[in-house]
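Each chain carries a letter (A, B, C and D) given by its place in the written order, and its residues are counted from 1.
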Amino acid sequence: QAKTYELAMITDIGDIDDKSFNQGTWEGLRDYAVEHKITHKYYKPTEASTDAYIAAIDLAVSSGAKVVVTPGFLFEEAIYIAQDKYPEIMFILLDGVPHDANYENFKTGPNVFPVVYAEEHCGYLAGYAAVVDGYRNLGYQGGMAVPAVCRYGFGYVQGANDAARDLGLAKGSIKIMYNYSGDFADTPASQTRAAGWYQAGTEVIFAAGGKVGNSVMSAAEAANKAVIGVDVDQSAESPTVISSAMKGLATMVQYGLKGFYAGKFPGGEAVTVGAESNAVSLAPFSTSKWKTFSQADYDALFAKLANGTIVPEKDLDRTNPTELKLDYVKLTFVE
Amino acid sequence: MDMLYLLLRQTMYFSIPLLIVALGGMFSERSGVTNIALEGIMVMGGFTGIYFINQMQSQMSGQWLLVLAIFIAMAGGLLLSLPHAYASVNLKADQVISGTALNMFAPAFVIYIARMIQPSGIANVSFKNTFFIHEVPVLCDIPVIGDILFKNTYITTFLGFFILIVSAIVLYKTRFGMRLRACGEHPHAADSVGINVYKMRYIGVMISGVLAGLGGLVLTVPISTEFKGAVNGYGFLALAVLIFGQWKPMRILWASLFFGFMQTISAAYSAIPFLLNLNIPSEFFKMTPYIATLIVLAFSSKSSKAPKAVGQPYDQGAR
Amino acid sequence: MDYIIEMLNIRKEFPGIVANDDITLRIKKTEIHALLGENGAGKSTLMSILFGLYKPEAGVIKLRGKEINISDPKTASHLGIGMVHQHFKLVEDFTVLENIILGAETVKNGFLKMDEAKKKVMELSNRYKLYIDPDAKVSNITVGMQQRVEILKMLYRENEILIFDEPTAVLTPQEIDELMDIMKELSKEGKSLIFITHKLEEIKKVADRVTVLRRGKCIGTYNVEDVTKESLSEMMVGRKVQFTVDKKDITPGETIFEVKNLSMKTKGSTKNTLNKISFKVRKNEIVCIAGIDGNGQSELVYALTGIRHFDEGQILVHGEDWTKKSIRYRNSHGMSHIPEDRHKYGLILEYSMAYNLILQTYFTDRFQKRGFLKNDSIHEYADGLIKKYDIRSGQGAQTVTRSMSGGNQQKVILAREIDKDPSIMIAVQPARGLDVGATEFIHKKLVEQRESGKAVLLISLELEEIMNLSDRILVIYEGELVGDLDPKKTTIQELGLYMAGAKRDEVKA
Amino acid sequence: MSNRNSMNQFFDRLSRKKGTGSFISSLVAIGIGLIIGLIILLISNPREAFAGFFTMLIGGFNDGTRSFGNVFYIATPIIMTGLAVGFAFKTGLFNIGASGQFIVGAYVAVLIGVKLPQLGGFQWVLGILAAMAIGTIWEAVPGLLKAYLNVHEVIASIMMNYIGMFMVNYLIKQTVLNVYTNRSLAVAPTANIPKMGLTAIFPGSSINGGFLIAILFVILMYIILEKTTFGYELKACGHNRFAAKYAGINENRSIILSMAISGMLAGVGGALHYLSGAGVYIEVVDVLAAQGFTGISVSLLGMSNPIGVFFAGIFIAWLQIGGFYMQRYSFVPEFIQIITAIIIYCSAASLLIRNYLELRQLKKDENLTADSDGDTADIVNVENQGGDK
């Protein structure tokens, strides 16, 4: 007879070590489970389809899962269906809200806790900090143009724009190269693109694309330039990483689990979490390499995001950043 | 001008691994064994080499570490090429079968192994790149060449050219090379003059294993800071370069440089103002290396021919 | 008795056939020992065993009285055994020189020393009058030169025991004579020779003793002086064989096949491969194109059969212009073609014999219906031909053609081409590699064609065949027709002069 | 006794049939591969090895009819790409470009599925037809290049893979992009291939009429290759292009047609997958479609024979489903890939096994003819020996 596992995670197309949704989620779940000695396991679906995700959820449930954590918007349809199929099972859906295939019906049952991150917040922090720190030539290297990746980028350019304005720089004095690589892989192409940018004058690249970041770091090492990491504190991966824009995947997973074991599962409604709930941040100053950007600058900026003084644009309909209002930034969108 | 030099240097990151792996494939195919397993072998070599660096980098760093890792990667590739040789030579199997099997096997295997042997069960093997050479003393002052080859480079680039020269000499100027080619053209003829076709084919495949394994490492070092069981189709591209290069060393060099340069342009166009201002979607830039290759092939393939016996299992008894 | 080689009680099986059944062969030192046998008798197999290519299931091989184990050709070579194979074993992409030294290279630290090797090869070449161009690629040289390369390969290795597997099948009369002289010379120098041939007069000419095989079994070994051609052939096939063909006297009828001013250019050369070739073949006529190999015969045949395009000229069949007709049209409107290279053009070796027998007729209503093959009809048809043409193989119509002996493969082609009942038959070396029985058979078939009112165009290198069969001889030399001779009024010597280009006439269609 | 005899005769006839030898040898290869797989399982986790192995073996039985249906669902596209690769193999060509054909086929099917709901019940049919057309064109390009310009089909197909992938990524962005997910939009319900009653047999699974369509193509390809003059021509070209020319077969036409048909099959695979109604969308990502490469494995395992490809596709899907359920134990899914690879590798040995079987058959035949009169004594003898041991 097979063992049972109380906490389950289903991976999306990525692996549990994708430096992104899957990894952050899994680490949060694992750490919580280990600490509280709860059986836990992750499952890989046979393919990236709604049916396959449901089959994986079925497998998890039949193997004893009480809480199923699903990272990524790819699970939106599957959870939409599964929440009714398994009313007694709790679902934590990161980065998405349950709906049907045509976005006609949205529903979040009491057993679903959907969390959407305000990546534009930490992207904003990164862009702002970079300009305050003296960088004028910036780059944004996204992976696939999925919503989270776009939000990071949007926040980043707006942060840079606002910092230039606040510093009293001339209009158009900040240059930003902006691109989605189209994959999440470390390839010679991504390394070359970054190397080209650095050669052409770019000083720092915010790399938000899983392993694409490794290629950017590699190019930065060769060119002696800087990188801003993503999702988790990536300072250990390369000396070129001056900071990272982080989102608390683990925090929210553990928040949900804590609630479940306390009998107060926070389901029924989607939450968007950003600075106000301390779910996003920059990497701590202890591991960062800012020259002039200070803890005080950071705290002040963070407070503004948290209390809603600053609300970065994050319109999901657009992957294209050129429609943002940017006076101080000369943006080159490499389509 | 600096941008041009950068592009040429970047070209090496595409071209050198393709060159090394395609040369490896050349030895295998020239001996008569199709090697579609290059992709899998690269993965294996990349993994062993990078894992070695990962383990040793606390004790040592720089060129010596890389040199050792090169040998380890070669050994890794060699190891994986053996089953291909066994199936192709001893079992007289369809040579595409074992190649396909190895391509499927290697990524899964190295991820599985990485999860087993790494403390946190993580499949990514990370490494610190301490191998970059900013300038090669003296040589970097040579005009043009110095800027292209001897600045911001890796020893693997020179290794690539070294392997090219050795390969061309071995293939055309040595007894071994002549016998190897005979086995790929007409194994029965080779056999009838006392050449051990099986042995030559084993060696051919093993060389391809060594070089493809090395290629996996050479590909990864300059472009990432970790390795996770994938070389993203480079093995198949090397196969394409091998065919593009018509199974001949010098042509393989030109093919890999051509393809590498086109790839570089398509990746770095956004840093080149006049290309950027064309306002062409990136997908079209990404397509150009492949379309250009097709066009060049269309004009240059009339006389192209593969080694005659490639892909055919050698059976002494057959007529 | 002082035997240098003894093969005792050798047995070798292939799937479905015992190729060598308890065969014993003893070779004396310095003798020329002929090995004779019909197609598929097991000659090549026996020699391949001696040369280490096959391992026998039973039997012992002794060299100078000592039992030896020849595990591979390398061992054979070390023991001084060399072999010229029936199907040449040359690397086409290599030069002549590279082919000769392959496997026995002169090297220094693993690097080739081609100059030394070349010197040695040229010495041998001059000494034995085996003229070659050391730097030519094998793919560009004539079959005759390839033969010489094969012989040089053996001599280069300084072998003591030389096996010649049908070396004369593709040579011109002059070349054959030269080869005979070389063989005698070699035996005088102390080498022992094994010589496989189907041509009995060659055996009479050079061999000291002869061993006859039949269907895998040894019939006996005889002194050549003691046997006649007739008795040999009887031993070989088990019945009497006729050497000359009875031909009725018929006056040729109307023209069936006509070629006008056919020319084919050579790539990168001003000289034409074929130059203004014109001739006619009439009803009830066998016209022979004679010539030394490499004078444009192959190209002419490719042009006539539609395999290769040519630049100028016209082909007429029954007055109809066929110049631009497809191969399919030619195949199905009365042209048959027995190709020179049976492996390259004649057969699909991976297909069964049955499928090869319908290679040009699979689309006819007899073998297909609405695009579907009628396998029953096909096999029935194949079985009929196999019987009619005595084609021998392991598994009948199902046999994979690759596994058949050369002679029987040739019979498959013959059966197919003759059975099409063509009005014009183009036969290139149809008896190449066939035993006397089979040769007699094919010759008879060609004459039958002629007598049933068909036209036959025969391209051959064998003068005897030419003189025997043809009603008219056209001589081709350097891509041009240089003689139109009547075999009854011509001698072999005269024909030889035309072929060598020493004599020429204006030839008009 | 007589019963046993007729049984023997039956098996004798069976083993003499052409395909049977290769079928048995494939089974042996699979057996060997599975045993090696079990050994690996035992090494990595002895406690759960047998349970896990069993789970893998029963594949489609793990979750009743549902997992069974899912085996067929997963098999459908890889049968199609397997057919594509196998068909080209049969004619001596290596179509390594099934990925490209698959994805362009998928794109046009999805495009029609999204944009033309007014077609109603005809929508999915048109989707498949369009995929056939574009797949045909896509691989006809390497075919043409090969036939007229002697470009090696492997390199041309590899290039076409990438061109197809980037082209589709671009076109999706222009036409049917779901900006929320960076994937293609959902197709209209009428664009999904009808279930054709299959969900009644396999409730809860993703199976749909696409599976039946794949079967249709399997049968069609089998007939074309084995029963028709067209197949005869194609195979002739594959084996010996010179002899084919000699026979009056238009070699260039055969190359182009063979590649085109191969491309068509892979294109249909793309349509069947993305019109399956299982909630799959084309992802805008710079990664080649995996089904194209799986197709190579499937076709090799099936020895390029359409029927063989069919069973090979199901077999690989079976393992995949088995592997999925193996996650009940502590086995990572990479295992399945490792084991499948080993089985494919072992199928390389099937030639050896087949030869062995044939040899045995021949020996048997010989014995029969050799001592057809006095064989009873022999048999007694053999049995005695057996008894002694």
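Operating definition for what follows: contacts are C-beta pairs under 8 Å (C-beta built on N, C-alpha and C of every residue); 3 or more make two chains touch, one makes a residue touch a chain.
Remember, it's a predicted structure, so these values are computed and weren't measured experimentally.
When every pair of chains is scored by its C-beta contact pairs, the maximum goes to B-D. Computed centre separation for the pair chain C/chain D is 44 angstrom, with centres defined by C-alpha atoms. The mean-CA centres of chain A and chain C are about 76 angstrom from one another, to the nearest whole unit. Taking each chain's centre as the average of its CA atoms, chain A and chain D sit 39 Å apart. Centre-to-centre separation of chain B and chain D, using mean CA positions: 29 Å.
For chain A, residues that reach two or more other chains under the stated contact definition are 182, 185. In chain D, 169, 286, 332 are the positions where the chain touches two or more neighbouring chains simultaneously. Annotation for chain C: no residues touch two or more other chains. The set of touching chain pairs reads A-B, A-D, B-C, B-D, C-D, using the touch definition from the header.
Every residue of chain A that touches chain D in the complex is listed here, in rising order: 2-3, 13, 41, 43-53, 55-56, 58-59, 63, 73-74, 77-78, 101-103, 144-147, 181-183, 185, 316-319.
On the chain D side of its complex with chain B, the touching residues are 44, 94, 96, 145, 149-152, 154-156, 158-160, 162-163, 166-167, 169-170, 286, 288, 293, 296-297, 300, 332, 334-335, 337-338, 340-342, 344-345, 347-352. On the side of chain A, the complex with chain B involves touching residues 15, 17, 19, 177, 179, 182, 185-193, 195-197, 199-200, 211, 214-215, 217-218, 221-222, 237-238, 332, 334-335. Within the complex formed with chain A, the chain B residues making contact are 2-3, 6-7, 10, 13-14, 111, 122-124, 126, 129, 132, 152, 219-220, 222-226, 228, 230, 232, 263-264, 266-272, 276, 281-282, 286. Residues 14, 51, 53-54, 72-77, 83, 85, 87, 89-94, 98-99, 102-105, 107, 110-112, 153, 402-403 of chain C are the ones touching chain B in the complex.
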